[in-house]
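Look for chain A in each of the two complexes below; its partner is chain B in the first and chain C in the second.
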Partner chain A sequence: MAADKSTKLLAKQLFKLSLVNGVVSPEQVTGVLGWIEKHSPRRPVALLKVYHHRIALELAKSRAEVEHAGPVGDATLRQIEAAMSKRYARIITASAKPNPKLLAGLRVRVGSDIYESSVAGQLASLSV
Partner chain B sequence: MSNVIEQIEQQIAKLSTKAIRKNTGVIRTIADGVAKIEGLSDVMYNEMVSFPGGVIGIALNLEEDEVGCVILGDVSQLKQGDEVSTTGKLLSIPVGKALLGRVVDALGRPVDGKGPIDSKETYPVEKIAPGIIVRKSVSQPLFTGIMAIDSMIPIGRGQRELIIGDRGTGKTTICIDTIINQARINKVGLASGDKNFRPVYSIYVAVGQKQSNIVRTLSALEAADALQYTIIVAAPAADNPANQYLAPFSGAALGEWFMENGMDALIVYDDLSKHAVAYRQISLILKRPSGREAYPGDVFYLHSRLLERAARLDGKGSLTALPVIETQAGDVSAYIPTNVISITDGQIFLETDLFNQGIRPAVSVGLSVSRVGSSAQIKVTKQVGGKLKGELAQFRELAAFAQFGSDLDAKTKATLDRGSRIVELFKQPQLNPIAIEVQASVLYILQKNYFDSIEVKHIVAAANSFKEFLTTRKTDLLTKIRNEAKLTDEIESGLKAAADEWKATFVAK
Partner chain C sequence: MLPTLLAVTEAAEESGIVHQFGLEPKYVIMQVISFLILFGVLLKFGIKPTIATMEVRNQKISDGLKHAEETQARLAAAAQESAAIIKSAQHEAQKAIDEARKSAKEFGDKQQAEAIQRSADMLAKAQQSIELEHKKMLNEARGEIARLVVKTTEQVLAKKLSDADRAAFNDAATKELSTL
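After this line comes the complex of A and B, so read on.
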């Protein structure tokens, strides 16, 4: 069932409560989930879905997903973490994800930003 | 073979290894040509957004957690979950003289089957109108070739003159006549070799019209050899509302290019009623709050920002706008008509009753006005046609009363006679613009009472006969009137002599 306006608003408020200094706090999230369980607000499933979606989006902003075709060492991941943390002024953790479709190179995704440095990406840009 | 390998290696060497940053999002919902996108955190208002398959959209609604995009292409291939990315570019279209003689869509892509357009430059579709400092007041005429308009409701270069009326009253015809007249003047001017001559390029924007009507317009322009100076921007009724919404702005961009590059252009928006309807449709789908007649609150701004782009720039060119509004049952007090009336520098009101009486163009003299055009009118037209509007207004007033009584005093009868002759004289077939020098000559002999002895039913024939007489036998006199643009003693005596000569030979049939 799609969330209505009031459910979205409540999810937004709960999401705000889940942040500490602009970062998702696991303790706060536990507290929010406990509150939902205890008070059973209207449309709980829709509420939880919206809340989950917002938290997932927020967490994605602090995560650098590094897609790679060839091998990627820990040192490279640490370098990416450092560079992204500096760029976004927040702590960002990098995780590797193999993707042979890239042919060679890397593709880093942080939130809605993509840093394309793969052969597949270069070829795609040539085709445009 | 090694050469080929070298070429590929060079290409590879050129490829930058630097990471390219893209801001992306995911389609959450897609319906009615509008996509709701999650992500796109860096998107700008009115930015072009790239969809899979080369489809382009424009970001129109920037909300807290999603972006509303109108899609300007085939939506059938797009689906929920598709990745989209920002382009960093505001919507731009190709501009320049290469587009003259072509029919393009709202994105400047050719739709006339004449092959690709070799345009080097692009221009943003949405642009803030020129400010106060760079503008210059309207002082140069733009002749429509329609006697009733050029003599009583003159239009100047850089003016916005609304053409308003019910359906089937000849709104488009006036616009097409004006475009044809510009082409005719351009040909004469360019052939004369006059270095100061400034041709007027025309842009005809068809919004929400039937494809058959657009073809008819195209054929009319082709037949009159006016297409070479014209660009047609077509967003027919079958096009999606996003294209219909964009087409006038694309046309304005094409016209602005001419203006910014020191040339003069004329743009016809046919019509802004349908444009407002397309914008209402988009706004309702985007869930923007609706106001009067379900139009969104910014429908006034939609048209004001479009029409404010028409201007005459100091040291550059000009863009004259002829927006068209279709009224319902002559109701000029509806929402969109009043908006556009208040934005423009005057209006030409076309009446169904006049049209049905055979008075074509069916210009209502009482309701039509040109607020800035009189300063652009050439002296000769002022000299011969200065009193016409007053005379015609008096005639209309008296004609209403004369219906109730038969005993009329001599003065009233004279006013009625004069008025009915003016009405006949202003009847003009469509697609047949008249040169300003011929108009002035005809009005001159009207003022000098040459038509008084001719029966009202023969006035049209007499005027046509005089026009033919002038164009075939008095070309030197016409050239002199065109060049001098005022009634000198020499021209006046020439006109008198010509009128006497014509009158002696004219026989009413």
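After this line comes the complex of A and C, so read on.
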């Protein structure tokens, strides 16, 4: 069922309530979900879908997924967190994900942005 | 006339000639009168109508001749005019034929030029198409070769790179990404 305009507006307001200092707060999210359960607004499923989508997008913006081939230490992840937090002006948490296809190097995904420095990427650029 | 005749008769009687030839003056006079009457009748009902008819016929013949001459003159003029018209028509026809020939020649030349131009365009397009196809084929071959080289390099690197090499590359990548 597609969400109507009022449902989207309510989801947006609930999403704003879920942020603390521009960061998604688990306590606020829990409170919002409790409020939805208690008051059961119109079109609750559509409202929850829109709210979940916004929360997921926001969490993706504050999360850096670091794909790597070969060993990556905590120091490397901290260094990437610091660089991305500085770049996006918000706290970003890095998580490692092995990807042997890169051969060597890193690929960092923050939201819809991708930063890559890998052997596979350089070879791919040669074949174009 | 009658006094003259009487005078002549009297003179003949006096000379005795009348008696010698056995002539009677009264009969002669009657003859003369009869002749005159006959002459008058003939003159009135025969000669004059005949002369009038002849004059009319002469007039008609004269008119006919004159009309024939005029007709002949008109015929000559008409013949001359028709000759002039025929000559003019022949001239116009020749002119039209010349123009038609000229137009046909120009049209043929134009068609020939257009055909030559079209064939040249087609040839140029064909050459361009061949060149494009050649470039496309070269690009495809180049891409395929590059893809094979990259794939081979990937396979070699996957086997040859050690963890130490990857760690060193990861450190360099971290520095590179940190300075973006």
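Some points to look at:
Throughout what follows, the second predicted complex is superposed on the first by the 126 of 128 C-alpha atoms of A that agree within 3 Å, B and C clash if a C-alpha of one lies under 4 Å from a C-alpha of the other, contacts with A are read in each partner's own complex, and residues count from 1 in each chain.
The rule is short, and it goes like this: a residue touches a chain if its C-beta (ideal position, glycine included) is under 8 Å from a C-beta of that chain, and two chains touch if they have at least 3 such contacts.
Just so you know, these numbers come straight off a predicted model, no measurement behind them.
Once the two complexes are laid over each other on the shared chain, residue contacts for A:Pro41 go to neither chain B nor chain C. Touch counts on chain A: comparing chain C and chain B, the chain ahead is C.
Of the two partner chains placed by superposition, chain B and chain C are both touched by A:Tyr115.
When the two structures are aligned on the shared chain, A:Val72 is found in touch with chain C, with no touch to chain B.
Of the two partner chains placed by superposition, A:Gly31 touches none, neither chain B nor chain C. In the superposition on chain A, A:Ile80 contacts chain C only, with no contact to chain B. Comparing which residues of chain A touch chain B with which touch chain C, the overlap comprises 105-106, 108, 115, 117, 128. Chain B contributes residues 15, 17-25, 38-42, 54, 65, 85 to its touches with chain A in the complex.
Listed in rising order, the residues of chain A touching chain C in the complex are 68-72, 76, 79-80, 82-83, 87, 100, 103-106, 108, 115, 117-120, 123-124, 126-128. Looking at the complex, you find that chain C touches chain A at residues 143, 146-147, 149-150, 153-154, 157-158, 161, 163, 165-167, 169-174, 176-180.
Those residues of chain A whose C-beta lies close enough to touch chain B in the complex are 54, 57, 105-106, 108, 111-117, 121-122, 125, 128.
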